[in-house]
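Next come two complexes, and both contain chain A; in the first it sits with chain B, in the second with chain C.
This part shows the complex of A and B:
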């Protein structure tokens, strides 16, 4: 049934790029998620407003619109502005960077909520105890709260990752040769749409199943301090 | 932490390059489609191939410039050129009045007529009456689409696709009755393929200037008339020194430059 006509190498290349895009975006998403959760939890007004508007905007706009806006819209605006002040420049946004940044920012907004929930799940007494033995807020966070947060955050983060890796397929619209784009190229060149889209869907499924296994391990690791009852 | 942050900043800065335009054209960035066999397509190794690509390479060699290639979906090609993502379009683009409002074109580098394709023995007559109620697939924002809308728009159902390949796939899977496109692209992309063996050309050649323009040219931004002149000179040169003929015969057994229609 599956006659790959020599295009399997192209699909393999695409798979690697998809995983790479996914991992880079996830790193950005986790970093932004932690910053966003901090912004939402502190009492100061400005970080709070910034974090709130960040999650509202990035959770409220479809991924596809944002990808097109970042890749096509933003460089054009900057070029036009530069031209208005008499400078001719070319902003060359590489599709990989545009895609990773956009996906990272969107899923950072979702991770923000995951981390916020995880922080709130850590009993308040833990924070008070850490502070009372003289730890600075930053050290208390790193030594006491963060290790406990992972246990609550990992199921949610795993979920974010699953959605994120599938959302990378949208980057194919800005001509990044990731899995979806290359499956599309192969399908059109060989006139075998079923073969190629089916193969691509199996690969995505493979990635998510592998992710689930890794996640189970990670959750076990994060819960190592908690006795099973 | 700070060090790490600055490394990331440098990386991002290196990837997002804002640079001044060099007007000496030592490097020309070419935009092409990569989904229009046999003119431009992506091969098994992920490399761009096809008639357009080889013509582009020959022109670059003639001009003594270095060329880079960017793949861009068809309907984003002109916006991408205007957004300066590349400096010219070599993607089998017809020279039409409509497009000339936005971009400048070089002289033609080939010209072939458009034709309809339908299933063998479907018995469809190409006329307003004969096409009544039929579903015709075209590639979005192409001369074939404009031609179809203006001439048969009131009787046929038009289905527009992002790429010609998608229209061809829907024809072979029976979702649509006909496609109309450049005849040569239909030979290489449909009729000579395994999936297209039950399909054939129907009706006459269409090459009316009003819709199909003055053939296929290279598009450049209006401000870059110097680049257009250099391309024109290079096209003349490869026409006379035999390079064009060599590329032509590699892909086709007829002359794609002239007005003669393909033999099949």
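This part shows the complex of A and C:
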């Protein structure tokens, strides 16, 4: 079925870039998720309001609109602002940076909920015990809460990752040569759209299957201190 | 900043919003009709039914929606002759039709998986009771399992509908003039990028909250029997004295 005509290399490069974009975005999403969960759990009003509006806005707007807003909108905002103070500047946003930041921010909102649930799932007695042996709140978090949070957070984070890696296909719209974009290029060049898109879809499927296997391993690792019933 | 452009293009934007609502509604309704038999096939013990449903669900949940849209819209061009022969090419030529087809298949797969989970979450005691009362398998599904499964699935299904509403924005890439499509065309002409994309974002936020509001109302109705029980329990101590 596959007559690759030298375009298979393009798909392979695209796959690498897709995974790279996915990993970078996931790191941003995890960092933002931890910050967001902290904001939602503290008693202070301002962090809580900020975290609430962050998750509401980023979960309520389509990824495509946000990607276009960041890629086309942000440079024009800055240029307009510069013009207002009498400076003429031209800004070009790198599609990789724009894509990674946007996807990272969107899925940070989703992992906020994951981390919040994971924190609440750690029994309160554990935190009390850590504090009563004289650990500072930060140390109690690092040594007692965070290691246990991973166990509760991993299934949710796995889901976020699976959705995230598929969402990276949208970055093709701003011409980042990842898997979707390269499949598109090959499809147009060879006039075999079905062949190329189908191959690309199978690669995405392969990434999903590999992620599921890794997730099983990671969950076993995070639960190694737990007695199996 | 030129928010005047937003005001001037309001009629087009509202038209786009209508298209978005239309795409969402049609795909959700047909998708649900497909999802119910799919989920029943998926929980079947017969591999002849189970495996095709499993494969369909796995493929459509495991690949990006954008690729599915491109496969149907551009990919069908590779089979143009065959499709013209059986008279389907007139449909596949239309971006609007391809958009609805891909959105429907996508949401059918996700909804079927949600329903599978909730069908399997129906407490076995209820099925046992239905069997003990002499119900046939079909009657069990119609009267006991599916109503319960729908109720269990509703919160997750609400999420799926919200995701689908947002996912309709992708059809703008194959030239359908939904909210995103309209905004992209006007932005390319006027260079008022952020003004228009922020407006589009606000439109979507409004629609998402509209959907959430509607679905919460339905959820409230679906769980009526439980709310009644809660109010009765709360009222009981003050009202009756000699219950114990």
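Everything that follows uses one rule, which is that the second predicted complex is superposed on the first by the 229 of 229 C-alpha atoms of A that agree within 3 Å, B and C clash if a C-alpha of one lies under 4 Å from a C-alpha of the other, contacts with A are read in each partner's own complex, and residues count from 1 in each chain.
One rule holds for everything that comes next: contacts are C-beta pairs under 8 Å (C-beta built on N, C-alpha and C of every residue); 3 or more make two chains touch, one makes a residue touch a chain.
What you see is a predicted model, and the numbers here were worked out from it, not measured in a lab.
Student: Is A:137 contacted by the first partner chain B, the second partner chain C, both or neither?
Tutor: Neither: A:137 stays clear of chain B and chain C.
Student: Name the contact category of A:7: first (chain B only), second (chain C only), both, or neither.
Tutor: A:7 contacts chain B only, not chain C.
Student: Given the touch rule stated above, what does A:193 touch, chain B (first), chain C (second), both, or neither?
Tutor: both
Student: May I ask you to decide whether A:123 touches chain B, chain C, both, or neither, giving the answer as first, second, both or neither?
Tutor: Neither chain B nor chain C is touched by A:123.
Student: On the superposed three-chain arrangement, identify whether chain B or chain C touches more chain A residues.
Tutor: Per-residue touch count on chain A favours C.
Student: Is A:61 touching the first partner chain B, the second partner chain C, both, or neither of them?
Tutor: Touch partner of A:61: chain C, not chain B.
Student: After lining up the shared chain so the two structures overlap, which partner does A:72 touch, if you call chain B first and chain C second: first, second, both or neither?
Tutor: A:72 sits against chain B and chain C alike.
Student: Figure out whether A:147 sits in contact with chain B (first) or chain C (second), or with both, or with neither.
Tutor: neither
Student: Can you pull the chain A residues that chain B and chain C both touch?
Tutor: Common interface on chain A, chain B vs chain C: 72, 76, 173, 187, 191, 193.
Student: Quick check: in the complex, which residue numbers of chain C touch chain A?
Tutor: 1, 58-59, 62-68, 70-71, 74-79, 166-170, 172-173, 180, 183-184, 187, 191-194, 197-198, 200-201, 204-205, 208-209
Student: Please name which positions on chain A make contact with chain C in the complex.
Tutor: My answer: residues 57, 60-66, 68-69, 72-74, 76-77, 80, 166-167, 169-170, 172-173, 180, 183-184, 187, 191-195, 197-198, 200-201, 204-205, 208-209.
Student: Under the definition above, what is the set of chain B residues touching chain A in their complex?
Tutor: 12, 15-21, 34-35, 37, 41-46, 70-73, 76, 79-80, 83-85, 163, 165-166, 168-169, 172, 193-196
Student: Given the complex with chain B, which residues does chain A contribute to the contact?
Tutor: Touching chain B from chain A are residues 5-7, 9-10, 13, 72, 75-76, 78-79, 87-94, 96-97, 173, 175, 177, 182, 185, 187-189, 191, 193.
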